[in-house]
Amino acid sequence: MRPNTLRDAWKSGKKTVNGWLGIPSSVSAEAMAQGGWDSITVDCQHGPIDFQAGVACFQAIAPYASVPLARVPWLEPGIIMKMLDAGAYGIICPMVNTREEAERFVGACRYFPAGYRSFGPTRVSWYAGGDYYQHANASILTLAMIETKQALSNLDAILSVPGLDGVYVGPADLAITLGEAPVGDPTSAVTLSAIKEIVTKTKAKGLFAGIHTASAEGARDKTAMGFDFATILADTALLANAAKAAVSGFRGTTAGPAKAGGPY
Amino acid sequence: MRPNTLRDAWKSGKKTVNGWLGIPSSVSAEAMAQGGWDSITVDCQHGPIDFQAGVACFQAIAPYASVPLARVPWLEPGIIMKMLDAGAYGIICPMVNTREEAERFVGACRYFPAGYRSFGPTRVSWYAGGDYYQHANASILTLAMIETKQALSNLDAILSVPGLDGVYVGPADLAITLGEAPVGDPTSAVTLSAIKEIVTKTKAKGLFAGIHTASAEGARDKTAMGFDFATILADTALLANAAKAAVSGFRGTTAGPAKAGGPY
Amino acid sequence: MRPNTLRDAWKSGKKTVNGWLGIPSSVSAEAMAQGGWDSITVDCQHGPIDFQAGVACFQAIAPYASVPLARVPWLEPGIIMKMLDAGAYGIICPMVNTREEAERFVGACRYFPAGYRSFGPTRVSWYAGGDYYQHANASILTLAMIETKQALSNLDAILSVPGLDGVYVGPADLAITLGEAPVGDPTSAVTLSAIKEIVTKTKAKGLFAGIHTASAEGARDKTAMGFDFATILADTALLANAAKAAVSGFRGTTAGPAKAGGPY
Amino acid sequence: MRPNTLRDAWKSGKKTVNGWLGIPSSVSAEAMAQGGWDSITVDCQHGPIDFQAGVACFQAIAPYASVPLARVPWLEPGIIMKMLDAGAYGIICPMVNTREEAERFVGACRYFPAGYRSFGPTRVSWYAGGDYYQHANASILTLAMIETKQALSNLDAILSVPGLDGVYVGPADLAITLGEAPVGDPTSAVTLSAIKEIVTKTKAKGLFAGIHTASAEGARDKTAMGFDFATILADTALLANAAKAAVSGFRGTTAGPAKAGGPY
Amino acid sequence: MRPNTLRDAWKSGKKTVNGWLGIPSSVSAEAMAQGGWDSITVDCQHGPIDFQAGVACFQAIAPYASVPLARVPWLEPGIIMKMLDAGAYGIICPMVNTREEAERFVGACRYFPAGYRSFGPTRVSWYAGGDYYQHANASILTLAMIETKQALSNLDAILSVPGLDGVYVGPADLAITLGEAPVGDPTSAVTLSAIKEIVTKTKAKGLFAGIHTASAEGARDKTAMGFDFATILADTALLANAAKAAVSGFRGTTAGPAKAGGPY
Amino acid sequence: MRPNTLRDAWKSGKKTVNGWLGIPSSVSAEAMAQGGWDSITVDCQHGPIDFQAGVACFQAIAPYASVPLARVPWLEPGIIMKMLDAGAYGIICPMVNTREEAERFVGACRYFPAGYRSFGPTRVSWYAGGDYYQHANASILTLAMIETKQALSNLDAILSVPGLDGVYVGPADLAITLGEAPVGDPTSAVTLSAIKEIVTKTKAKGLFAGIHTASAEGARDKTAMGFDFATILADTALLANAAKAAVSGFRGTTAGPAKAGGPY
């Protein structure tokens, strides 16, 4: 099986950086792959992208060394298994708030007896090789999103679920449920403290920890804090920001969209 | 008819900046529109994008003030008229090297008697309004690409074609046919001299001049040189560059794609 | 935030008319927008349209004043949140039969603490503006479909769920569960009585009420009965009917599809 | 070979009605097929639809008796042959203004020695049957658009081209080149006289004649005038008109799109 | 209603063969239809295909006699009802392990009072005819996948669910949960014994039984064992195998993909 | 630049086998890539596939060693250059009948001064590497289709065009223009003699020769005759044949599609 180099990197203590795809196009996916990310995640939750476009994105990045991951819209076995069969080497599952949810999530990613994943690795066996089944349970990464106050209070129970490889922090939702405003790179003591608690407990359990950030600096800060990997924004934001920078670089003033019909 | 604010801006002496779409997705198109470009061009020539995706891009940017343009793959009436009917307020036509070619190009963009454009403004009448036909010939921009040594030598003849609104310089092809290597923002005296000649002659005729550039600085330089507008790269390049910058910002070293199968 | 003019209209007592999209194309969506509907709903339940096409439809109608809504396939948080992030200003949820279901539905549409919606307004922040998060909970419309005998019997409990904005009646399913045949504009006393009961109780609670109808007359009848808004058919039916009318207008006889292979 | 019932109908003197597809969706195509049109044309010229969507439309209408036709964007052999291989039983070619153009057009539709069509009936052999090649030259309809003053003056020469089956009148372009405004169902004496001349000469040669119209009445008028078939509007217009009628039927006032950002 | 010839065939004791679609394209679907399968299933579970592409596949095979079925990704009412509304004449539901799951599955496929399917047969009424509602409950096939040890132990309870038409065996998952390796055509005594038990009990109840196989021989074996129908591989595998056979037939050696970047 | 291993193989005397894509899907493209073809051609002429789907196919096969080629619909510079920019390492151009046509074809594939190709290697520079421009003229394969009696008579002139790399024989069209019926693997003396003449003259000039065949045996015969490479059918035919073989293997009788509506 084509190795899951992301798992290997983390095991060896390497800090990695993750790209994030929300544009439903194989062309933008391959543009993103030029960045040389350690991994690239198709975001089927908040990204305006669906399964079918996700398949094409996995194909577009297959020649590159970046490991393909997927964030699913919700803890639902159908879409989790579809993304795995399509080529995802890891699943990021949103809103895992209880131990029972973590068990259901992990189970959907593992073949029997470790879980209840159904067999049919259609495209992933092209990508991974004919021996995919033998190695899948040990290779596929299961990352539960810890992003609510409830999840925080259940963290020990969640982290003790067999087969769970790690967590992924959604700082915006975490901030909201802690009573704060959502920001990309949190600076409030309350949210930072929660983030610190998550990474500390996760690493103490010997699991992997990742987090979403809004800048390269944010990503460095978080890996310095102990996270194994960090995501920087998303293709939609990178592109919109690049467009704004180009226009304001030309005009010498702050750029932004003018709507034909309003100041929105 | 919804006014062609790009023509109006140029007439009033304003320098404008143009965005460039090669990603075949309405989502990336709307991301680009966040930049606040004066105009946005769907590039059906070198961009990996075709008519059908171009239609969706025009729809995605319609709420924004950016004027929609299209670059067609070649001087072929079918695709020129299709892009106009789909909503383009201007056409950039590659490789216009002779007066006869310029005439054929302009004719494809104008209703009789100014040209031979066929009537059927299906989507553009939704975008522009019910009085599109009455104003189209006077509003739609016809921009011939001057990008070869041959075009340079025929420049006067080309610029004298009735109905031609202006020129668009492709510096890479121009450099190649002048015996130099293609670069985004040329620095060689030979190519710069040719570019200078084009803008000077074009403005002397009272026509509009635009050019492709590789940076905001390049765009400022060229509008300072006399061009009415400049394009900065393309969405594909903006996104790939942003991805590289994010990764290298994280790693502290130069980023770039690692291929699973080679050093290409 | 771009205002939710639909909520404003209903608050002011205005009766509105809603368009319905089942054709998975941004072009047909923009054709529908020519109608000037107060709102347009992407129907991901019975319409042969999916999330990805729905995104393009939202983009296509964004320049128009019609407020974008979505009907989801089922009470499932993943697709509800995806449609909201893509631009829906309201969700119509099918088959809400109990108070508990209504609570789960409303929760999926509201950020904490009003609900459990996850944060990530990717495209909707382009459409709505940068202050979307601050206003979303108060703006987004939550409309539960009351379309079964069971829902009817639980109506008071459903209507008392905090955060529920209103109901949407599916007359065909309602008729079926009342033991009658499904029709577009019901005329039976039993079904009409149930419809009357729904609108009366809903308005008595100060909530909004809408219904699906099969004609402009049906829509007028229902708004006269007290409904705040009514949908008229769907794009698929409007187009098929228009095609039949054109052909029968030409032939002077009733038109209809001839199958090459049968009388179906 | 599945028979070309359209050719047979015309031969027997039957007047037929033609549907017109511009929406790039197989779902809208099948909705249109509910009308029971004698033929349905994928309009790759003014319709916002391209080859790939056209293939899906041909598939969607294959179970129905309506004969599939295509209008190509321009007289270009590549797209003509592609539409034929995809299933078109006839080609409508725009802007055929000279005998030489008519010859090139017909040649692109006929296998050697009648023409220069290349062999490779990929999908059409699924639709038509395994003996397609033996019957194609005699079955496929070649319809040249007569829609300019120039074409009018060359009409005799055009009509004498061997293998040309008939003409199709574009009244809007014809009106424009005759110095009048484009309208769907012309009423001016000048344009009507030109239309009358075309149908008279075409029928005198024993060829078929069709025309685009804007209403069922327009279509009846023209077939009464001698045309073998008439098209009524297009799916885009039928749908937009149906939407307007539904909304105005509800409001009791004239409907139309309100733009968020302007009065266009 | 266009008859469900598959149900009729099974009732009359005929053994049938089923095609399987995982390629998300209407063109490959129509290529598959050339095979003359008794039925064709769109596999939205393991196939890299989603709802929207599935609609196009149903349209592509509509002219053929093959009965359209769908396998859904999971027991989730939203997608089950969507596939039915799009044209499926039967649903294969994965991982039905308990009587309660079987009841939920059947209920999603049947209109009240037999179930809780929502009314809105948008495309299927075009395919099936205007009287679809009257016949749907009696025509649509409900096939529960029996593919785990747990399902085996609950088989009697599952088979006694009213409205369940039959079962479909997934031999790979069945083998895995029985402690064996997944293979296309099982040869182990343990798995074969389980398969035998399933078909025997199912037929004893008067229900239908189908199974996935990996070859024509496997399919013959299983129908000889008592199954009413068998699927042979999938389009993805048929095409990949045909490609390998063509290349090895040319080279005289075993063919297989060479990766530019590795031996995977 | 990622090397053009196809050119290298031919230079070293190796006989290669070519796959052929007509299904517009990246999934079927990757299925085909499992065959291990030396090269894979996207057929935009007779295949029901267009540019945009072709881009996705190039991406899908990029991880594999098969060299990507494209057949264009016609000798038209726009589409030739688009396919090259999208990743084609060679172009097969249909119906090259004269020396002048061969010159125009070659020119469209070569940068100045060898030709008039426009610069903008958007996706191909991702696939090939940053030094693409320096090596493209020497690497890209230009293959003119010799498939008419006229081309045969002009063969010497065509073969002497500088920059032409070789020829590709379309045996069906060749047979037709020689007065015979089109077949996949010709057996008539007349057509075989013409094929022999083409390969002999081409190899005598030191150029490459390829041909379309209908079977592995046909491909072996032709490479034994002197051809450097041969194509075997297309994905559409491989899949349809595999479907027929599976069904007839099950039934024990010849399979084929049954149409619901006729014997076509």
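Letters A, B, C, D, E and F name the chains as they come in the text, with residue numbers starting at 1 for each one.
Rule of thumb we're sticking to: contacts are C-beta pairs under 8 Å (C-beta built on N, C-alpha and C of every residue); 3 or more make two chains touch, one makes a residue touch a chain.
Predicted, not measured: the structure shown is a model, and the values here were computed from it.
Trainee: Over half shared numbers or under half: where do the identical copies subunit B and subunit F land at their interface, same or different?
Mentor: different
Trainee: Hey, which one of D-E, B-C or B-F is the same interface as B-D, over half the contact pairs lining up?
Mentor: B-F
Trainee: Quick check for the class: compute each chain's Cα centroid; which one is farthest from the centroid of subunit F?
Mentor: Greatest centre separation from subunit F goes to chain C.
Trainee: Counting only Cα atoms for the centres, state how far subunit E is from subunit F in Å.
Mentor: Computed value for the inter-centroid distance: 37 Å.
Trainee: What is the distance, in whole Å, between the centres of subunit A and subunit C, each centre taken as the mean of its C-alpha atoms?
Mentor: 33
Trainee: Any idea how many Å lie between the Cα centroids of subunit B and subunit E?
Mentor: So the centroids are 51 Å from each other.
Trainee: What positions in subunit B touch 2 or more of the other chains?
Mentor: 2, 22, 24, 27, 31, 33-34, 48-50, 52, 55, 62-63, 76, 79, 123, 126-127, 236, 257, 259-262
Trainee: Okay, in this complex, where on subunit C does subunit E touch?
Mentor: 22, 24, 45-50, 52-53, 72-74, 76, 79, 94-95, 147-148, 170, 172-173, 176-177, 181-182, 234, 236, 257, 260-262, 264
Trainee: Please name which positions on subunit E make contact with subunit F in the complex.
Mentor: Touch list, subunit E to subunit F: 2, 17, 19, 22-25, 27-28, 31-37, 48-49, 62-66, 215-217, 219-220, 223, 230, 232-233, 235-251, 255-261.
Trainee: Quick one: which bits of subunit F touch subunit B in the complex? Just the residue numbers, please.
Mentor: Going through subunit F, the ones touching subunit B are 1-2, 50-52, 55, 63, 76-79, 81-82, 85-86, 111-113, 116, 118-123, 126-129, 133.
Trainee: Hey, which residues of subunit C end up touching subunit B in the complex?
Mentor: Residue positions touching the partner: 26-27, 30-31, 33-34, 55-56, 59-60, 62-63, 123, 126-127.
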